[in-house]
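Listed next: structures, encoded as structure tokens.
Shared chain: chain A. Partners: chain B in the first complex, chain C in the second.
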Partner chain A sequence: MNNFLIPDILLLALPFVVIGSHFLFPKRHTVPFAVGCIGFLGVFVMLNLLVLGETQTFLSNWKIDSFGVFMREVLILAALLGIWFSKDYFEHDADGKEQLHQLPEFIAAISVATFGGVTVVSACDLLTLFLGLELATIPMYALAAWNKSDPGGSEAGTKYILMGSVATAFELFGFSYLYGFSGSMKLAEIATAVTQNGTSPLLWISVLFLICGIGFKLTLFPFHTWAPDVYEGAPTPVTAVLAVTSKAVAITFLVILVFGPFASIHTQLIPFLSILAAVTILAGNLGALKQSRLRRFMAYSSISQAGYILLAILGPEIVAKSAIVYYLVVYTFANYLAFFVFGIIGQHRTEGFDSLRGLSKENPTLAIALTIAAFSLAGIPPLAGFIGKFMLFESAAEAKTYGLIAFAVLNNVIALYYYIQLIKGAWVDPPDENLPRLEVNKRQKFAVVVLTIGVLFVGVVPFLSENIRNILAM
Partner chain B sequence: MLDTILFNLIWVLPLLTVALCVPISRTQTKIIKRIHLASAGVILADSIYLVYRVFGLAMAEGIPQGNKPTLQFLTDFNWLSSINAHYIVGADALSILMVFLTAIIVFTGMLASWKIDHQEKDFFALIQILGASVYGVFMSFDLVLFFVFYEMEALCMYLMIAGWGTGNKDYSGKKLTLTLALGSAMVLATIFGIYIEGGIHSWDITKLADVHLSETFQMWAFPLAFMGFAVSGSLFPFHFWSPDGHSSAPTAVSMLAAGVMMKMGPYGCIRVAIYLMPEAARFWLPYIAYLVLFNVVVAGFIAIRHKDLKYITAYSSISHLGLIFLGLAAATPLAFRGAALQMLSHGFLTGLFFASIGMIYSRTHTRNINEMGGLMKVMPFLGVCFVIAGFAGLGLPGFSGFVAEATIFIGSFQNESTLIRMITILGILSITVTAIYILQTANRMLHGPVTHAHFKVLTDADPIEKTALVLITACLVGVGLFPGWISAFLDTSIVPIFANFMR
Partner chain C sequence: MTLLSDALFSDVMFYLVAAVMIGTAIATIMAKNLLQSAVFLIFSFVGTAILYLMLHAEFMAMAQIMVYAGGVIIFVIFTILLTSHLGESALHIKLPRTFIALMISLAFLWVMVRFVVLTPDLNVATPTATSGYASLSSFALRLLSTGPEGFVIPFEIISLLLLVTLVCAITIARKFKGEE
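== the complex of A and B ==
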């Protein structure tokens, strides 16, 4: 069935359509935005209509399996939320920075990055894999420096491109060893070679470099140090996209490698990945403890989230994949919910914990939304984040790494502390009379309400988790 | 069938009430408060009816053979099939009595917080959510469901303490919530182990009871789970959250925290830790007895030295909770039953304690017993209630405290180990310490000349508050005067647990 390719083709065409629509209606800003939204929504709906179960292969290097379709859905959902969120930043100043310009190109960049993610998840050989990863990363460099009038943004862009290039170099080096070891670019053939000779030093050098490379992109300790600076310097919508889309792409890359070519050495990888996950969780949590600025705080929080997601990779393939897909959906919802609230607050106020003062009295809906987002990120039942983390832990538990799970759940207590700081700002601190009033437009209100309902019910209603697990198990 | 629906409604109804109140404007506080009170009243009536039903059914069947309690109103369906979690709720004697206790405390807690002055809508909604989660803990027989409810409650606690508390509320709220979260993290880590090691892909507590988990696993998992639960039971060394938490919390929250939430700890210990990991429990429980020493012996002395009423009550709670853990550590059927009775009894008495203290504080605006004096002349009703709570706490015959403590002490003394017997004797002696601080507090606070002129104009309890206090006192006396049926009733759920413990 060739209709598996239609969403991909549409997605590939989307950036050009968006920019084209801008040329047709140069005066009207809403047209490219609408085209972008409808495009993502259309692709999302089409992906949902596909009948999943079998793996489809096209042209020997493009395969679409159930996991691939799920990851496409996650990425497109994230992209849709991303442009929905960024629209406001093109209309007025925010966070004390000037407003952004060139919305059509912005949307196009996000869709190209999304297509990069799609390429990663469809890859059958090293070249496509590498191409996808770069396609997902390069637009991000531009996005980080989108605000030309803001020196902080340029600094963030520069830092990101330098760090990203180093990571790319690591990956390429790893790939070259992998090719040298197996003599093939095909993932399937590499897998056979790995099964036959799992202890070769060449292989392990390549594994080491690959994990280091992806560690940069996934912000694993000790390669996470760029993240807080870049997250803080980039425009807020880009921070949100970085925290969700680029993390999702990076974790997909790791999943493709670990359950593809490295499937036969998965058990030997467990100690290595366990340590990485543990120190990443700890580093992210400790970093977040003392932050006073919201985006820097979110950067550290997303570092520790990356560590939690990494836990799932320890488990067997189906459990791990379903846990990762589900958690990414939940994480996308909760993270964007928090960002929407921050965006509304940052419109007229400085970006910091103090701006949250008295939120529960001024706008209880926002305060409740923020509370739900924070508790979901902290993994508190019955919110979606809890069920998501539960699935991650369950996946790790299948590998019998109880010590690691105990460590991770104890770290949850630290995480709870700093998420409570957010809630304390909103609920406990007395209102500050000098703060400007908040304005919420319809678009923001819609997103906040929908995401709040999503975070509240995606966890307790079995629909999503059940479908993911059942379809992946087919 | 109808009973099953009524039973499930106990935790659903509070949430429905919250949803119902969402569209009502925040300024309509009277309507909101009445809706919430009505719903709490319905749940209370419902729980009384269900206690009656379960009593009838359980007593007709007699004490169950084997290691499984007979669960009434069992509801079991697939919930999250991706992790094999089921929605399993059911009632045995222990759980339905705890549900009843919760219903009483929630209802009276609402009455006691009738006069809070800001954000009533949020406050009452949070009480309902808190109530729903506590009901859920006592009703659920699936580990995932149990844990979901178990962890939900700590967060509501933080919001309520930090939003409506007094004093150093943010610090106390965080201390409480994070300590409880630490406990639940320990529990969470072990239930994953139980699930995987159990090997039957089920989180069903009664099914897992048949599984013999490997002893090497149990040896580290049991202390982790037991101590995790014991955090919310404020067992030494995890007792430190409780005095600060209680003292900063608003009245209703102190009542719920001390009255019900602290019981979830021992409840979890007996229902999950001891029940599912009996081999390790037999090994570890004597060591836990050492920890009980602090609660039973030292906490009373600390209470003597404190001047703040809520701190005194908090330490008194710690020492009473210590007796529950003594009952668990002694591990005889009678001691287990005593522990269950003490959970119930202490719930009522500490509810009465915190309710009367909250009401006194809302009038005098001080909780320092040295600054008060002669309050008996000004507010005799509240004074008497405080004294009743105090006497029930030191185990005066006729109140529930006596029944529970006597059962624990007799039960613990049946254990042949010298250590347990020594601790039992110390526990009995500690009642003297309890008497000292109760009498000293009552004396300084209630008797003597009225110390401040402005105390003389204070009013006694109004009808709403009187209703709340009378309701709890009635339960306190009820259990105290008719202990026979309640003990026989509790045995129907304690005996299977003990049978599994001795397997």
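== the complex of A and C ==
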């Protein structure tokens, strides 16, 4: 039974092992990277070997249920792809910025942030929940400013830490009211108090503040303004990590709250969450239409994706959780695939739409990969993104919010328009002879091929999504 | 003590301390001089410590005074004195913005007061926790106990959080070879 703790402990030890391996072999720069990859891979394999079903509790304060294991898998996968993607940025200049330094600490920061996500999904009390979210966020502030020679990175880090602190203050304020309302730190006891007195003004003030706070971290509409600047200024691998890991942690936090302490007021929360989801999708889509820089474009795209993921929370618990897990896997694959292609393009060119010109002639594999990533993000069958979005809409439909679903589907048309801009750049626009040649190394080629196959495979294999739902329903 | 009953006395004290805290908090953000605002902040922190004392949380009160009033503020004052030109020119704010901010704050205050006043059971000055609940020894025992009342996991996570913050801060701040 204690098998369930082993992956967590290994993940906890990983940052120290990675930094330690750098001290043991200071001359060999590939050692920390190899240790990091093997560590994440090992934890991922171990998580897959666990026999799911019952909820396990350790020290009365650390619970591991099926949803927790699934989220761990998603987070570890995202972290593995994140360090795989970032390795190149530590070897040469890219996108007109100098190369990054201190790879071991970089990997350690990412794995601690991943452990923060694990803490969020395992928490049984408010304190652990809050600390988990902070553990997942604070390394990100540093990661955004990792490139010291780039003033844009420092600007991004400063903006991020300011906005993040405000969001944290909002959350803490909400938590303090929740504690004052229920008189307990334990999520289970808070849930009882909420069931008994669901209309208390104190409770609703706390809900208001918590939604505002998490809105910052999840880049929901009125709180999303920091995202494009931070995504643009941070180093490209950090942008990829921010777009996936930090969003996954934030949405997990919301899921834990909505289906934990707030389960009995879930139906009253639906109107608020619906409005937030609708305006977020619209704002993200409208913002993405006018972008010429690829990373800024991805920032707006990820804002609208956050809105789509929020749709799932409207549904009943099992359907919502399985839709979120599945969509996060799909989103991780497609987003990293797009980022890998942008990374290869950005190595000698600027990261803009113009640099995509003539991609299909110069390197058809990359053009195909980009097309698949874009279509999957837009949700075109038979790719993974279609099934993922279908499940999100299904979850929202269970809550009978048909108007909202219709709005979201119509918005998908806008999304399709701007994702097709990427594909048009790669396939239709005339090649530009002045662009430097692309270089693809083995690591990038491997990742692009594996992720392309992954996005195709996950979309056409129906049992995966069914399995997730059946295990969660156990 | 014959004039005021114990409960009424602590009520009056609470409102007094709370009013001073709010007053100094407002003074902190209104003060034109950063140094003055830091000094006001000390008073606000001391007020918090007094509130803790009134709730019989002696350890929290000590920690509040030692860490915040003693440590953090000294640090802030040092920072201000070492970077003395900081923020002097950034105080030109146009009127409409102030006005809108004031309106939003007032609306917010109205919502908070209305909602909180509606809540029953809030006007109880005596602590509901058992005596000695927040004393140093029970505090330490609960912090490190692994039982249902224990907080050993958050405690350990805080240590990890501080460690990673330290590692990240050093990485960002240090100079590596090749950088002058």
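Going forward, the second predicted complex is superposed on the first by the 473 of 474 C-alpha atoms of A that agree within 3 Å, B and C clash if a C-alpha of one lies under 4 Å from a C-alpha of the other, contacts with A are read in each partner's own complex, and residues count from 1 in each chain.
Note that a residue touches a chain if its C-beta (ideal position, glycine included) is under 8 Å from a C-beta of that chain, and two chains touch if they have at least 3 such contacts.
The structure displayed is predicted, hence computed values, not measured ones.
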Chain B versus chain C as contact partner of A:Val409, first or second or both or neither: first
Partner chain(s) touched by A:Gly260 [first = chain B, second = chain C, both, neither]: neither
Touched partner set for A:Leu59, first chain B, second chain C, both or neither: second
Which of chain B and chain C A:Phe393 touches, first, second, both or neither: first
Contacts of A:Gly352 with chain B and chain C, given as first, second, both or neither: neither
First, second, both or neither for A:Pro201, with chain B first and chain C second: second
Touched partner set for A:Gly132, first chain B, second chain C, both or neither: second
Partner chain in contact with A:Glu466 - chain B first, chain C second, else both or neither: first
Doubly contacted chain A residues - partners chain C and chain B: none
Sites on chain A touched by chain B in the complex: 322, 326, 360-361, 364, 371, 375, 380-382, 386-387, 390-391, 393-394, 397-398, 400, 402, 405-406, 409-410, 412-413, 416-417, 420, 423-424, 427-428, 462, 465-466, 468-470
Complex contact set, residues of chain A against chain C: 12, 15, 19, 59-62, 101-102, 105, 108-109, 112, 115, 119, 125, 127-128, 131-132, 134-135, 138-139, 141-143, 145-146, 148, 157, 183, 200-202, 204-205
In the complex, chain C residues that touch chain A: 111-112, 114-116, 118-119, 128, 146-148, 150-154, 157-158, 160-161, 164-165, 167-169, 171-172, 176, 179
Complex contact set, residues of chain B against chain A: 26, 78-83, 119, 122, 144, 147-149, 151-152, 155, 158-159, 162-163, 169-170, 174, 177-178, 181-182, 185-186, 188-189, 192-193, 195-196, 224
